[in-house]
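One chain, chain A, links the two complexes that follow: it is found with chain B in the first and with chain C in the second.
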Partner chain A sequence: MKKELVLKLLIVFVTFALATVAGVAFHEHRHFKETVVVSEDFTEMRWLSDYCPQLKDTFADTPIFVFDSGVEGGSVLYCGGTHPYEPAPALSAFVLMENIKVEKGVVYVIPQCNYSATTMGVQGNAYPSYYTVKTEWGEKQYKIGERNTNPLDQWPDNFTYIHYPSKQAQAYNDLRNLNRCYPGRLDGTLTERVAWAITEFIDKEEIDLSIDCHEASIMYPVVSTYIAHDRAMDIAMMAAMDLTATSFDMKIEQSPKSLRGFTHREWGDYTDTLGVLMETAEPFIDRIVGPMTVDLMMTGQDRFLSYAGDKGLTYAKYDKENNYSWPMNVRVGRHLSGASKVIYYMNQFFPEKEVIASWPSYEELVEHDCGAFLHNPETSNPDRVFSF
Partner chain B sequence: MDYTVLEVVIIFVAMAATFVLGSKYLKSTEISMALAGVVAIIFSTLHGWTTTPVKLLVEGLFTNMDLAMTFICATIFINIYSSSGAMTTITRNIVERINNKWLILICMGILMLIPGAITGAGSVSVFVLGTLVYSIVRFMGVSEKKATAFVFMFAIFSAACPPINLWTMLMTAQANMPYVGFELLLLLPIIIAGAFTILYCGWGSKRAPKEEILATLPEVNAKMYGFGGLVRVLLPLLTLVVLFVLTLVIPFSMPVLGLPLMFIICTVVAILCNPNKTSVKEYAKVISDTMEQVFPLVATVLSVGIMQNAMAASGVKGLIGTAFVLLPFVWIYALILIVGPFAQGSMSYGSAVVIGTPLIFMFNTAGMNVTVVCAALSLIFPIGDCLPPSRIVGRLVLEATDYKDTYTSFLKQIFVPCLVFGLLALIMLIKPAWFTFLA
Partner chain C sequence: MLIESIIHYIYIALAGIFGIMLLVKVFKREKRQGIVYDIVYAYCCVPFLMRLLGIK
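Our next item is the complex of A and B:
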């Protein structure tokens, strides 16, 4: 009897100890703040809750950075963090914000569209919580999040997800997937509300071109691709051809009408914006990779996947020539040049919407790596340092 | 690439050995699975692949928490519902009113399909109807083992049955395919395999005389008869069906309840419909007994979560996936009926993501109709719900039917209908073009 009691007490103690250690890690991840030193062309910071007050003081509220040239022209929205388990889009947004120069029109950046999803890792997939970027002045830490909204902010899931307004049935957990919830609902779930707020923001600000950045597994056919709404097909097709001829391979696909809830479909259908989604290659999120390490996330090098590459089973280059790798700087650079190119062709096709803005290119990222474009918050003008 | 294939293979072997030894000496599948996960996490930490082993362990524990909550709430509902005598009343009515054995078996099969088809979970079919269907099938003269096989087979058919097939939904979500055109592709093989299962289980059995069956059933409260009784019996089940249907039909007007709360609401309705004078203490005992009953299963799904996280952290998940998807097509055809179900047994719905999605892309590259391929895979994975280490639906069925023999004898009993079901799916996988007209 006494032995049993001791055993029970021991179990309680071990459970409590494990819960405490893990709890501290979960708490740190949920409240970790990423820092950005915005460029001199920064104008103001807004919040998504400015367009949807119901989001205020929730983990779904997220900052919108505005870079307005003051010269009349078009407008562009650059989105990262729709799926925070794909970190290159958010990092590309940070690099863009720290270095952007705007000569005409206005550029809006939402670095973490689904902020709630940045506050935890992917359950059952053993994701590391953070990655660091080396700079000349030290290391800068960023979060690796989830694909879907944190269940602490939106729970439970239904047994199936019915998309609004199409009524298309989708996988149950897509109820928390921002890129299945557009155009969104004001009186819907938290994720649907975020989608509604972003759609409302695009509509209200009359944004001409909206770019949603993602990463895809290399065994997924739609990788290294622009997916464009019908009205954005011309500019995306020209951009893809131009990039493929001059810089890196880029494919183009038209947004399918039968798949609902995506940015490339619903932004274009429910607002006047030209909707484009970009995918880079991220081996880390492939299904058949080895240990889930930060190194794999940063370099994209994996032995198991190299066998698939050798067998021609990947849709993005993965062979000896690229050292079986898709490093972070390449992925970030592709997004930045991919965005520049669609803006360029929007300017060509629609001169009245012209936006002239510049930021580091693919070639510069490949040559100098990401850290070269990140500034030290400690030594920067505090007015241009934001943590969120 | 800071690992070698051999290192990951060693971890895989260590996990398997821990599981086998743990099962043998600790007599607990759940603790053995958790220990296997801990071993993999320790290896990963020693290799420097992870710096947060405790976080991985606890995070894994929460991976299937929703499933565990559904199991608990569903079992509480069904036990409270049964304690009112409602199950016995339904059984009495069916035995009294329907005389044809085959008709009863068909009705029971269709009945079993409904909860799983609506929710996508075969476990819900077992919770709601498993015991009832089992007892009625037994009264049709079907042996204990075959009646258990009947319940299990229709539970996995219900999970695979449209409109909600979670494996298909997960694969289509991963592959950005619309969840459209799957109804007939999923339904037709289920009808064929279901008909076979009814024949397989019912062949040679002889229904006992009606009076004899009724005499063995316990008496129920007189208030369970007549129109009032009908309302008392059907209302809790109807509440569940109405909640399911409303979620699908008016999704934008319905709040998101989730399965656990749906079952709790039905439990309240069942308590209100109970004609017996049941005290709060007695209800508390039913709930307490339910927790005892469902505890091993909850422990299983939580341990599976630990293992899933550990397999990802250590690369074992990638090893299994790579080893299979790199095979030539002919080997995939030869092994899918083994690998698919065992992947389900170890990774639960993760099988669709780890094995299913890469296969869809491969078949797509080969120019095959991926809708048919996806449907075929979605029929294969559910078979693994009886396989170790998790054995989730298999164990549930054994509990619902109070199965006395060994687990191996249960597996032997379901082998033939599972094989028929698997072969139907395999034909679809090998010759998708033949089935394109169903898409």
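Our next item is the complex of A and C:
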């Protein structure tokens, strides 16, 4: 009897010891702060809770970085981290913020739109929690988050999700998916409140062009693509043609009117902004890949996916020509040049909304990698270093 | 909002109750007496404990 009790106690002890190891890792991930050294053109930092006080002191509150030239012109919003398990958009926002120069108009950057979703890893897929970018001064660490809001912040999931205000029935767990909750509602769930706050921010600041950055699996048709609201189709189509002719392949799709909750649909319908979403290729989230390691996240190289690439089953190039890879610097560069190009064509179509801003291009990222554009927080002006 | 918060706290309380119940079952149960079930019950406590502590 005593021996049995000792064995049970031992089992409980070992289980809880393992749980403690995992719990510490989960706790660290939830509270991990990413650091940015903003460029000299930085003006101020605001919080999303400035536009929706209900978000204050929650894990959904997230910083908004403002780069104002002081010269009257248009305004642009650049968004990363709508789905934090797609890290290239957030990293592109960091590279942008560390190097941006603004000569006319205002550029707003929200690097992590769904901050709560950055506070946990993807459940069930053995995803790594962090990735590092090599720089001349050392390695800089960033986190890989989840697709949806952390259940610790919004839980339990409803049995059904009815999108507001269209009343369209969607997958139940999309109630925690920020890019299914727009335009949002103030008295809704936490994710709907974040969506409402971002829509309110766009409306209140009268932002002319809003860009939402994403990544997609390469066996998904909507990859390497702009998805544009009806009013933004002209600028996105011109940008796609220009990029395809001069730099890299880029497709264009019109935002469907029958599928609700997306940035490219609701931002354009509920505000005056020109809404554009960009997708780049992230083999890491393809269904058929092998071990989901940091290396796969950073290089995009996978043996199983290469078989599909050779048979032409992927919607983004994946062959010998690109070394069966989609490295992080290529994905970051595509977002940065993709954004520059839609801004350029907005300026052409709507001169009254002109924004003149520059940051590293696709070609520069391909040549120098991401680390070359990140600054050392230890040696930088503390007034320009932010951790969040 | 109020109803959402109430449901949230009910679920947190339920997580605690189920966690404690499973822990008790590791030591005292009438059926399935094998060591494998000791491990299963101990393991099943973990997610409830994590949720109760606000970790995962």
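Just so it is clear, the second predicted complex is superposed on the first by the 388 of 388 C-alpha atoms of A that agree within 3 Å, B and C clash if a C-alpha of one lies under 4 Å from a C-alpha of the other, contacts with A are read in each partner's own complex, and residues count from 1 in each chain.
In the analysis below, a contact is a pair of C-beta atoms (placed from the backbone, for glycine too) under 8 Å apart; a residue touches a chain by one contact, two chains touch by 3 or more.
Every value quoted in this text rests on a predicted model; they were computed, and no experiment measured them.
In the three-chain model built by superposing on chain A, chain B and chain C fit together without any clash.
When the shared chain is aligned, no partner comes close enough to touch A:Arg46: not chain B, not chain C. When the two structures are aligned on the shared chain, A:Lys251 is found in touch with neither chain B nor chain C. When the two structures are aligned on the shared chain, A:Lys104 is found in touch with neither chain B nor chain C. Contacts of A:Leu7 after superposition on the shared chain: chain C is touched, whereas chain B is not.
Of the two partner chains placed by the overlay, chain B and chain C both lie in contact with A:Thr189. Measuring from the middle, so to speak, at the Cα centre of chain A, the directions to chain B and chain C differ by 40 degrees in steps of 10. In the superposition on chain A, contact of A:Ala19 is made with both chain B and chain C. Of the two partner chains, both chain B and chain C are touched by A:Pro156. When the shared chain is aligned, no partner comes close enough to touch A:Lys317: not chain B, not chain C.
Here chain B and chain C are compared by how many residues of chain A each touches, and B touches more. By the touch criterion stated above, A:Val289 is placed in contact with chain B alone, chain C being left untouched. For the pair chain B and chain C, the minimum alpha-carbon spacing after aligning on chain A is 5 Å.
Chain A residues 18-19, 22-23, 26, 155-156, 189 lie at the interface with chain B in one structure and with chain C in the other. Those residues of chain C lying in contact with chain A across their complex are 1, 4, 7-8, 11, 23, 26-27, 35, 38-39, 42-43, 45-46, 49-51, 53-56.
Taken together, the chain B residues at the contact with chain A in this complex read 1-5, 8, 44, 47, 49-52, 54-60, 62-64, 66, 118-121, 163-164, 166, 169-170, 172-173, 175-180, 244, 247-248, 251-252, 256-261, 305, 308-310, 312-315, 317-319, 321-322, 325-326, 350, 353-354, 357-358, 361-362, 364-365. Only residues 18-19, 21-23, 25-26, 121, 123-126, 128-129, 155-160, 162, 164-165, 167-175, 177, 180, 185, 188-189, 219-222, 256, 258-259, 287-293, 295, 301-308, 311, 313, 315, 324 of chain A touch chain B when the two sit together in their complex. Against chain C, in their complex, chain A makes its touches with residues 5, 7-8, 11-12, 15-16, 18-19, 22-23, 26-27, 30, 120, 152, 155-156, 187, 189.
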